[in-house]
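For clarity, chains are labelled A, B, C, D and E in written order, and residue numbers in each chain start from 1.
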Amino acid sequence: MAELLQLAALLVLLTVAAGLLRILRGPGAADRVMAAQLLGTGGIAVLVLLAAATATPALLDAALTLALLAAFAAVALVVAAPGRASRR
Amino acid sequence: MSLLLDGFTLVAVFAGILFFVAGTAGLLRFPDTSSRLHALTKADHLGLGLIVLGLLPQAGGVLPALKLLVIWALALLAGATVGPLIARLAREEDAPP
Amino acid sequence: MSATLYGLLGAALVGIGLFGLLARPSPLLRILAFNLLGGGVFLVFGAVARRGAGAGFPGDPVPQAIILTGIVVAFAATTLAVMLLLRLSAEGEGRSDPP
Amino acid sequence: MTAAVTLAPTPWGMLPVLAVVLPVAGMVAALPLGARGAERLTLALVPFGLLIALGMAAATYASGAPLVHLLGHWAPPLGLAFRADGLSAAMMLTAAIVIGAVALFARAGFGTPAGAPERREALSFWALLLALWGGINLVLVADDLFTLYVALELLSFAAVPLVCLDGGRATLEAALRYLMFALLGSVLYLLGVALLYGAYGTLDIVLLSERTRAIPATIVAVALMTAGLLAKTALLPLHLWLPPAHSGAPAAASAVLSALVVKGSFVLLVRLWFGVMPGLPVPAAAQILAGLGAAAIILGSAAALAQARLKLLVAYSTVAQIGYLFLMFPLLAAALGTPEDAARAWTGGVLQAVSHAFAKAAMFLAVGLMAKGLGHDRIADLAGAGRAMPLCLLTFGLAGLSLMGVPPSGGFAAKWLLLTSAIEAGQWWWALVILGGGLLTGAYVYRVLATALTAGPGGATGREDSRAWIALGLALISVALGFLPLGAFGLVQIGRLDLAVGGVP
Amino acid sequence: MTGLLADLAIGAAILALAAGMVAARSAFTATAFFIAYGLLLGLAWVRLGAVDIALTEAAIGAGLSGVLLLTAAARLAARPVATERAPGPLLTALIALCCAAVAVAIGAAILSLPEPTPSLAAEVAANLPATALGNPVAGVLMSYRALDTLLESAVVVLAVVGVWSLTPPGGWGGFPGPFHLRVESGPLALLARLLPPIGIVIALHILWVGKDAPGGKFQAAAILAAMWLLAWMAGLATPPRIASRRLRFAVSAGAGLFLAIGVAGALAEGAFLAYPAGWTKALVLAVEFALTASIAVALALLVMGPPEEEDRA
């Protein structure tokens, strides 16, 4: 079971790492934001899976922090995104 | 019983991974930003949701299970906040003034 | 094994960050490069900590604690640099003439 | 193995702790106290700081051994220790006197009268001055390489905002450039710290001095740390940040920046080379360092001579005087086997650091008063300033004597010791550099004095600012150091780690 | 096997992001890279067995730094700063060569580190009971190297002083940072109302478990700061003016209490920062709580920045 969950974590990791290509390629800000968001969710998924696979409850706290701060960063992104700031 | 739960976990987790794969493929392959956005949001939310669902039986307690649910809820909230922004950014980029 | 890998990654990040700091002209990109550089240094330290795993700990806790302190100090440094930069941008409304 | 080096707590070990805790606590309290409270707190702390530094010097001298305190009773390598040797005591006394003088000087510019609203510059200045004092004291007594990193950051975070206290565009640019250099320096230093920990499992300088060997990790680590510290000390060619920063800051701030802040990273560099790795063969690297120092002396002095503005002249003079500090490295490395020669080079380097601190603080304060009195600091238009501000000019001249190395002055004693060490070590070329640097220094000091002493419109009329006496006092100390019997400098030899490990023939 | 693959994937992704960040043309793009980089660095810390650091990286590295740099990029896009001249191609190549040499030297140094690696893990473990803490990292931070933690809290206070010293003319004493309009509806408003209560609970949880498990004051403080910033950015919470005595006291209280306890140890036990016998646990907890509050306030103030030009009383 633990091995399978670790494998699952690896698969998620590889998937979102592939999604990084979109960050690198862009072309626009929207695509980069999307890829960053996918990476955030993927990171959370990896942590959650690892927490179960390695029986490390602390990783769940790390996932919780990550989720919280991802939501926070999302707000900052909305507030700071290009196009909005220039109106001030 | 435990075997059944383990089976449930695996099915849900790997189904979640499928959504992640589909989302990433969409992000990489779809031609324009708005269709990429559609692919992403579904994958994102359902993928993590299924994984969380699958892990619930493995959580080993009420508190960890609650944490898992909060994690999913937070990810949903973040996605819902950024979604309109991405759509707006995409519109602005597709149709420059 | 993974400790060495991340140590080498840290070394590479130091090289990349150093390049960004020295070769990129934009101040904000330089601040970002400083953060890259800092991340590389912390990774090297983290690799050292991992190599020192023992007594039931997954890593040597002393360098781990040092990294925690270092991250907070580096963050304070980043804010100071960013605020200095923002103040400079507010100051130079019109023309900016380098001395 | 080496019985000379121990890390057992000593009776007066609480003094170095107090020396760090008082200013740091003052800085923390400054925020809620407000500008007026912070000002009064700083002035109240000055006598205590002086007493502590004097006490440390006396206790170190009397016992002939460094003062040690184990924080929280935890001994290194697990815990942290404070270790104050003779070098610490001498530099701390210097810092206390300079900070005290600057605090008195700054009351006029950064004071807050009772009932007046708090000003930005006032609160910032006093809090930053306290932080800077705590940082420098910490650099002097900390025995752990990571604690020293935090101390360096404390120094940088205090020094950078001081540079742009006037809020002008040029000083903001200077401050940002300074900060980037400082951050690069500390991050390289930290990288070296990581490698040293990986190689030896401790960051305590005394423990490291017994463990270090010439393996690749040590060499890379020390190279990185040296590069980082050189950026902070502003040794040529990493000096680019210094002239705009030190000349743009308010006079009181420039004085502490030039006198103390660059010395902090220098002391750490000395500890690294002759404490952390006393036995390593480094003559070639030491020659390179001194070569950069020599280039700094010649090019810095020449640049000072070419400046049109007085404050920039003084700042470039700092670039040059920093160069002298690095002549100590090859001389000490060459003399490691012969205690007497090593002691001479060591004393020369330390005395250069101390006498330059007093001379340069005096010079910056005097120049600041002149710029304020005249309304400008253009050297070409100084004519008449000698009549209007004789005290300031006298200060500038006396400090200049010490910088040139004219007897009798602290600067002379320092440069004489370095010169004789160079000849003793067969490295006569450094002696030529010292003499040439002295001539160039004389030229730029003479240029200012000659212009100011000609008759002219002057700028200011009426009585000279009474703060000139403070600057004059510092200049006199710098000169008076030359009258001290050489035996008094036995203090700075106490606790040298290179003696304990590498210096025994 | 899965471990090695994961390490390789994380490492390759981090490298790609770092290269992209340095090569990026716009600051916004570079910052997007930076946030992704911070996330992956968090995973790297997990792989290195440092969950404490992973938590901190997630909170400070990706979260607070990301937000700080994003807003800075947006404000700089509106008012650019003169950049220095970029080095020419030859000089750039030379710099690249030197940087590569530095990286190779560091890599070689890492590969040459001695085996077995010297480590203090055993000593930390042996003395942990005396610290009254179960988390070894917290033991190092609060006991063995308490001085570093104390000094770091002072550095954070100093950084606030430094940032405030950058207040433009006429702004002194006013509200920190730019003004944010109150957001009444939409997902942003919802998030800004929903998240802070959840965040505070999570922060307290992480602070509390930090005694015995990964977590503790820095992580909790960063989360609390983020929550305050969130409410601030949505216009729901106005921070006090920087002239406020209470605000300033809040910034200084943690370091002040730690200093006081350190001095008490010097008086009672004869060593600075020695906790008087029998009081260790209570004092450590008191310091942790006070530091969390102070650091949270300070971190938020650092991200907000100094007051702006006009005072909007």
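Definition applied: a residue touches a chain if its C-beta (ideal position, glycine included) is under 8 Å from a C-beta of that chain, and two chains touch if they have at least 3 such contacts.
Computed from a predicted structure; not experimentally measured.
Student: Going by the touch criterion stated earlier, list every chain that contacts subunit C and also contacts subunit E.
Tutor: Touching subunit C and subunit E alike, sorted by label: D.
Student: Identify the chains in contact with subunit B as well as subunit D, in label order.
Tutor: Expected: E.
Student: From subunit A, count the fewest steps through touching chains until subunit C is reached.
Tutor: The least step count works out to 2.
Student: What are the two chains with the most C-beta pairs touching?
Tutor: After tallying contacts for each pair, the winner is C-E.
Student: Which chain is most remote from subunit A in terms of Cα centres?
Tutor: Most remote chain from subunit A, centroid-wise, comes out as D.
Student: Where the centre means the average of the CA atoms, what chain is farthest from subunit C?
Tutor: Between subunit C and every other chain, the largest centroid distance is to B.
Student: Distance from the CA centroid of subunit A to that of subunit B, rounded to the nearest Å?
Tutor: Here subunit A and subunit B have centroids separated by 10 Å.
Student: What whole-number Å value describes the gap between the mean CA coordinates of subunit A and subunit D?
Tutor: 47
Student: Between subunit D and subunit E, what is the gap in Å from one C-alpha centre to the other?
Tutor: Distance between chain centres: 31 Å.
Student: Centroid from C-alpha atoms only, then distance subunit B to subunit E, rounded to Å. What do you get?
Tutor: 28
Student: What are the residues of subunit A that contact at least two other chains?
Tutor: 29, 33, 35, 40, 57, 61, 64, 68, 70-71, 73-75, 77-78, 81-82
Student: Quick check: what residues of subunit B touch more than one other chain, meaning two or more?
Tutor: As it turns out, subunit B has residues touching two or more other chains at 70, 74, 77-78, 81.
Student: Any chance you could list the residues of subunit E touching two or more other chains?
Tutor: 3, 64, 73, 75, 106, 110, 113, 117-120, 124, 144-145, 148, 152, 155, 159, 162, 166, 168, 188, 191, 195, 198, 202
Student: Which pairs of chains touch each other in this structure?
Tutor: A-B, A-E, B-E, C-D, C-E, D-E
Student: Show me the residue ranges of subunit C that touch subunit D in the complex, using the header's touch definition.
Tutor: Contacts found on subunit C: 14, 21, 27, 30, 34, 37-38, 40-41, 44-45, 47-48, 51-52, 62-63, 66, 69-70, 73-74, 76-77, 80-81, 84-85, 87-88, 91-92, 96, 98-99.
Student: Quick one: in the complex, what on subunit E touches subunit C?
Tutor: Touching subunit C from subunit E are residues 3-4, 7-8, 11, 14-15, 18-19, 21-22, 24, 27, 30-31, 34, 37, 41, 44-45, 47-50, 52-53, 56-57, 60-61, 64-65, 68-69, 72-73, 75-76, 79-87, 91-92, 95-96, 99-100, 102-104, 106-107, 110-111, 113, 117-122, 124-126, 136-137, 139-141, 144-145, 148-149, 152, 155-156, 159, 162-163, 166, 168, 218, 295, 299, 302-303, 305-306, 309.
Student: Using the touch definition up top, name the residues of subunit A that touch subunit E in the complex.
Tutor: Its residues touching subunit E are 3, 6-7, 9-10, 13-14, 17, 20, 23-24, 26, 29, 32-33, 35-36, 39-40, 43, 46-47, 50, 56-59, 61-62, 64-66, 68-82, 84-86, 88.
Student: Under the stated contact criterion, what part of subunit E meets subunit B in this complex?
Tutor: 186-188, 190-191, 194-195, 198, 202
Student: So in the complex, the part of subunit B that touches subunit E is made up of which residues?
Tutor: 70, 74, 77-78, 80-81, 83-84
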